[in-house]
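When the chains are written out, they are named A, B and C in that same order, and each has its own residue count from 1.
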Amino acid sequence: MKNVYIHPTALVDSENIGEGTRIWAFSHVLKGVSIGANCNVGEHCYIESGAVIGTNVTIKNGNELWDGVTLADGVFVGPKVIFTNDLHPRSPRLPQAARRYSKRDWLFATVVKEGASLGAGAIILAGKTIGEFAMVGAGAIVTRDVPAYALILGAPATVVGWVCQCGRGLEFLEAAGTCADCGLEFLREANGISLKQAEPVSA
Amino acid sequence: MKNVYIHPTALVDSENIGEGTRIWAFSHVLKGVSIGANCNVGEHCYIESGAVIGTNVTIKNGNELWDGVTLADGVFVGPKVIFTNDLHPRSPRLPQAARRYSKRDWLFATVVKEGASLGAGAIILAGKTIGEFAMVGAGAIVTRDVPAYALILGAPATVVGWVCQCGRGLEFLEAAGTCADCGLEFLREANGISLKQAEPVSA
Amino acid sequence: MKNVYIHPTALVDSENIGEGTRIWAFSHVLKGVSIGANCNVGEHCYIESGAVIGTNVTIKNGNELWDGVTLADGVFVGPKVIFTNDLHPRSPRLPQAARRYSKRDWLFATVVKEGASLGAGAIILAGKTIGEFAMVGAGAIVTRDVPAYALILGAPATVVGWVCQCGRGLEFLEAAGTCADCGLEFLREANGISLKQAEPVSA
């Protein structure tokens, strides 16, 4: 692994860490985990075999990424976000639950798409997908899939607005909106918003 | 201690850990703590003197079990559950609070009964009892005692359904219900549900 | 540094820790952090350069104090309180967010004033001030400044009562209230309460 920084107290059992990625104190990356280039994994984190992490991802302190969690490129995971992979957990050591945990179908995967942000202390129920560039507010409990570019808040979380790729909130006059910070243009549609495609230049 | 696995980075100051129990990285078990056989204590946990843990208990990562917390056999503690033992805390070092902390009556105990599950990020206020096989939803804030077999959600948490010992949700037609997974039978009563006792075989 | 206790597994990069302060296992105090005398920093904590901590402060386990967080004297930080310093975070490594993080104006400071308590798992949005001796309930999400002596609960948190410096709840008969525990007297005003000043002795 080239130019990977691993803090002396961190435990890294994976060989699959991308260039320029840094892993900080008291964190543990298990065997088989894949982490892309140019990521930052904060302190007191735990990344379990089966988790997959893209490039340019920022994982703040105190995060646990379980088997089944995928973070696409450019994702932000705030401090102490809580991922889950089981919708009605029991102790697998409880005799009454042994049969359930003898198979793998209790596990539901979570996907966080490109550029999305998960606010501090947000809780993501197993089996949900967070759309591209969505922003989950601090402490929100995500119980449904989240549309791309949506700002969601509350418990259970609901869509309260829309945000640009750069993070700035968007305002829509009728069907179109332009980011006041970076100038990206969006179109409002029935079930969400999308990036306005550049019109083809006439020949 | 026989067949106890302690990760090289874990700190275990107790001599009272049951057979087959495993304690993972960066966790700390203090003096006098009692942990039963066949338990799993995840990473970044802290178990304080005065905590008592039964057998077959699963404690996921990032949990702190304070003095006054008792977990019965087969309990599941999801990631980053938050226990408390003080209902109106101040810094004990604050001069105005010194008198209060000179005695021990600020401490309220928490009991989690056999087979119960505490979902990820749930918060348990001091002094509460979680009934047998109850299931506390992710992020729920428990402010009252929880009946056996109850599924509770929300902040403050309220009963929204009932679950079997195996974890499966139960449906009741009138006064009786049978688990679709494991076949256990339950009776609905005024204040909760209970396991149907096998009828005595006539002689 | 005199009489500072640092657990053998803790990392302390600051030279500015007050007398009698203790820093427990698996915690990390970064360069430049200032911590006053007689504090207690629990396990699995992270205190970032730029954080400032007064005297007699109690920080329970699992806390992260970011750049921009100031805790005055006598503050209590319960287990796993979540501080933040960015109101609409993106991964700074995301190309679309690079411009925003090239300056420092994304950072909003948090101030917790003398004697205040932050309950377990509370979330403090960036840029807020918690007044003297206020008490934030477990799991509350603080989205506005908090008045001195206020008890706040919920998500978003609202004022539900008032507490004394010693932590006891206060009751008001008309405009005045006296703490049943420590006898301090308070006056109720339009926007909060304040400590009743001793009347000047007539000459």
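Here is the rule we use: contacts are C-beta pairs under 8 Å (C-beta built on N, C-alpha and C of every residue); 3 or more make two chains touch, one makes a residue touch a chain.
As the structure is a computational prediction, the values presented were derived from the model and not from experiment.
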For the C-alpha superposition of chain A onto chain B, the rotation angle in degrees, rounded to the nearest 5, equals 120
Comparing which residue numbers chain B and chain C contribute to their contact, where sharing over half means same and under half means different, the two sides are different
Per the C-alpha means, the centres of chain B and chain C lie apart by a whole-Å value of 28
Residues in chain C with touches to at least two other chains are numbered 26, 44, 62, 80, 121, 155
Listed in rising order, the residues of chain A that touch chain B in the complex are 11, 26, 28, 44, 46, 62, 64, 80, 82-84, 88-97, 99-100, 121, 123, 125, 141, 155
Note: in the complex, chain C contacts chain B through residues 9, 25-26, 38-40, 42-44, 55-58, 60-62, 73-76, 78-80, 115, 117, 119-121, 135, 138-139, 154-155, 163, 165-169, 181-182
